[in-house]
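Let me give you the structure first, and then I'll get to my questions.
Chain naming follows the written order as A, B and C, and within any one chain the residues start at number 1.
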Amino acid sequence: MAIDLRTVSITPLRQTFGHLARRMGADKPASRYIEATMDLQPVENYHYRPTWEPQYDIFDTTRTAIKMKDWYALKDPRQYYYGAWTLARGRMQEVAEGDFDLVDELGLAAAYPAEGKAQALKTFLPLRHVAWASNLNKAYVSSYGYGIAISQATCYASMDQLGVAQYVTRLGIAFDDLDALATAKKDWLEGAEWQELRRYVEDLMVEKDWFEVLVAQDFALEGLLYPLIYERYNEKLNAAYSPVFSMLTRFQREWFGETTKWLDAVIKATGADNADNKAKLAEWIKKWRDRAVVALKPVAALAFGAEADAIMAELVQNLNARAAKAGIAL
Amino acid sequence: MSNAFIAFQKNDESRCIVEAILEDNPGAMVDDQPSMVKIDVPNRLVIKRETVEEKMGRSFDLQELQLHLITISGNLDETDDEFTLSWNS
Amino acid sequence: MDMKVAKKLGLKERYSLMTRDLAWDTTYQPMDKVFPQTTYEGIKIHDWDKWEDPFRLTMDAYWKYQSEKERKLYAILDGFNQNNGHLSVTDARYINVLKLFLGSTPPLELMAARGFSMMGRQMNGAGPRVACQMQAVDEYRHFQTQIHSISNYNKYYNGMDEFAHQQSRMWYLSDGKSFFDDAITAGPFEFMVAIGFAFEYVLTNILFVPFISGAAYNGDMAAMTVGFSAQSDEARHMTLGLECIKFMLEQDPDNLPIVQRWIDKWTWRGTRKLASVGMMMDYMLPKRIMSFKEAWEMYVEENGGALFKDLARYGITIPKCFSQTIEEKEHVSHQSWIGFYMKPQATPFHTWIPTPDEMDWLSEKYPNTFDKYYRPVLEFFDAQEKAGNRFDNKTAPMNCQVCVSTMKFNEPGDPMEMCFRESIYKGEKFHTCSDHCKEIFDNEPEKYSQTFISSHQVLQGNCEPDGTDVNAPDFKPGQNMLDYWKLDKRALGDFNGSEDQKNFAAWREQATKN
């Protein structure tokens, strides 16, 4: 006997899980993001203390100076659970793939003026190592952060940065085969222009407060680096040569625009929780912003020569404005 | 001698992959289970890109196996042309 | 103009450029401060570059394939839910499998996600680090898709609504929690053996493949889709675990005894964890594909056997517990089901006595043990239940200090005798369920003396609902366990007569009439 189950209209016993109904204050359907995120990390009755850091519990709120009444206030306005994130990145990679294919088919990279190529590679290619460091530092935040809201968003961001490092690498190969990568790595390790930046990301690799790492890496450094390279420098290369550089860095530009919304929401919610957080965030932003300016100035000089200082000053203004908009007075 | 094995969800693409495995691995044994198919081969199981392409009638990237895999057994070696599972015993 | 043609790169070379070539040895901060965790366990690594990458997915390929999988998966879930797919499962008893699964599995996948993130931060080598990160993000996928697939069932059936609250409180979920807590609090290499190797390579097949096939066989398209889709990631995870073992063994001969001890320990811990999978296969699936014993033979004895034979070239021997697990495969599923049946007031899923047909199936599948040891017990309980005298064990269970299972397993070679072991540490006595758990305890008593045993904690007033005054003169520990667990009374006890049973029947009835 065939049964047509679609015709059955039944009243559910409940609309959602108990922990979500309590959080939402009502038994109503929850989004897939909410179901995949809220109140899922264990908070009690741990069996053992970590042998690697016995002073802490497995998940421990005291791993940062930030205090939150509710760690799930750090939610993601993009509502990225794994499925939503990977679908968004799937679309972005499809576009990027199309761009790389087109550039390859039409020989656009080979036809790119040699001078432009040399300039672009010198300023741009060592950034594959910066993205790699970003991947590692975000992995730290994701590992030791408290609550699934922050751990999952930073896990996705960490993988995004691995993707960025790989897209930068591909641009290098497209422009100048493998030699370019070796030269860029040498510059990264030894070139005077890159040492302050390398020191910056290496220092973050030993910073213990995960929230400070988030502020320093994502807000301060990337908040200056991405506009510098993927907006300003991109515009300069486009105007001087052709939009090929722009095509091959589209992923990063789109990523930064989108990720900024998430990060600013996290900063805002953290500051809104209490005055101490606000003060702490302001202190960290100032400290790491100033260091990031020092780290990026030589790179800006490579990209813009004499105009570098003015451009950096403008970018710092924009970053300060972002902080102010998130409720953090510097 | 131990068996290397691989299991796939049953669908049209994996049907082609299974055909290719049977052709390239004499001694392969097929085990049909609800919604899945498992193939055992003594010691070494190889999936060749060319054979799969022939069965599918289109170009095939071996990394597309990711879409249909359920489980594997054996040491894995993956190149552009071959996906191999083997035991050293 | 320079017109050299870009060299066509092979998969391995290209992947290497896209991962380990990005890495460098830090100089502004010392490497051992950047990666402080990889030496204290005693594992010696001389050359991280010798790491062989298992699957070589760059992020673009990862996003391409994973997004295709997710698109399919959620399309099927939506269709299943829109069509009241929950009414198409074989019979409502099946849904209890999902209750057990939701309580026990997504919380562990979550711990795997967090644990592999830690590995993806702590491993010095760029190759393993990237592989661990990719597994971490996959594990987010797994616990989320599992929750999403069961979310719709929760709207119609009891016992699933408080899984998040219960994950750290329910007595019977404590074994899984201790398994992952144990792994994540160990050093990074032991974690890789525990989860990457023992769990993913040796045991995950038996957890997932029969579950998925069983779900498909019982008409649950949602769980089947999620399960299959997750398994396609597991293949990558298994190769990572195996690669990690080989890497350690190839790096230094001194690593062998350490790795062997971990393999022995975690194969046993995993085996204990799987007793409840056995009862799911043998007792809870209305339509069965194969017995737990058969699955054990196929996926653990044969496949695990092949693996250990392969590793013999490094000096690895078959785990000491292997022969005991082979003996136990004919017992554990029955012991577990009977154990749960005896506690009708303490689980958010229903139990029942198998039908006569089902008992006959069990006799056929377990010719050496079922009729001799377990059928008489089940038939006795059945008669008692029908006479209005349903067995109800209200006492707190005694648990093993290591695996946290309730004491219910038999003495090796003697199915009529319960097995108990004990150790003394700092003047205190600790109980374990087996020789293997005792050995694990004796190797690291400092760690295992910490285990959170809820039947002990209850008596200390540590398992009370929020707001309970444990110093009140009339306080009696353990009086409020249902509140502490947030356990819905409708979810307790027998399937026969339950609200689930009635609703399912009524809703199915509606579908066949006007």
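By definition in this document, contacts are C-beta pairs under 8 Å (C-beta built on N, C-alpha and C of every residue); 3 or more make two chains touch, one makes a residue touch a chain.
Everything numeric in this text was worked out from a predicted model, so none of it was measured.
Path length between chain A and chain B in the chain contact graph, taken as the least number of steps between touching chains: 2.
By number of C-beta pairs in contact, A-C leads over the other of A-C and B-C. Centre-to-centre spacing of chain A and chain B amounts to 38 Å, using the average Cα coordinate of each chain. Averaging Cα coordinates per chain places chain A and chain C 32 Å apart.
Each chain gets a centre from the mean of its Cα atoms; for chain B and chain C, those two points are 27 Å apart. Residues of chain C in contact with at least two other chains: 68.
Partner chain C is touched in their complex by these residues of chain A: 1, 3-8, 10, 12-19, 32, 35-36, 39-52, 58-59, 81-83, 86-87, 89-94, 96-97, 110, 114, 128-129, 131-132, 135-136, 139-140, 142-144, 148, 151-152, 155-156, 158-160, 162-163, 165-167, 169, 173-174, 176-178, 181, 185, 188-189, 198-199, 202-203, 205-206.
By the touch criterion stated above, chain C contacts chain B in their complex at residues 10-12, 54-57, 61, 65, 68-69, 204-205, 208-209, 212-214, 216-217, 224, 228, 231-232, 234-236, 238-239, 242, 246, 289, 302-303, 305-307, 309-310, 312-313.
The touching residues of chain B, when paired with chain C in their complex, are 2-5, 7, 9, 33-36, 63-64, 66-76, 78-80, 87-89.
Residues of chain C that touch chain A in their complex: 1-4, 6-7, 9, 17-18, 21-24, 26-29, 33-34, 36-37, 40, 58-60, 62-64, 66-68, 70-71, 73-74, 82-85, 87-88, 106-107, 110-111, 113-114, 117-118, 120-121, 129-130, 133-134, 136-137, 140-141, 143-145, 147-148, 151, 154-158, 160-165, 167-169, 177-178, 181-182, 184-187, 404, 447-448, 450-452, 454, 457, 486, 503, 507-508, 510-512.
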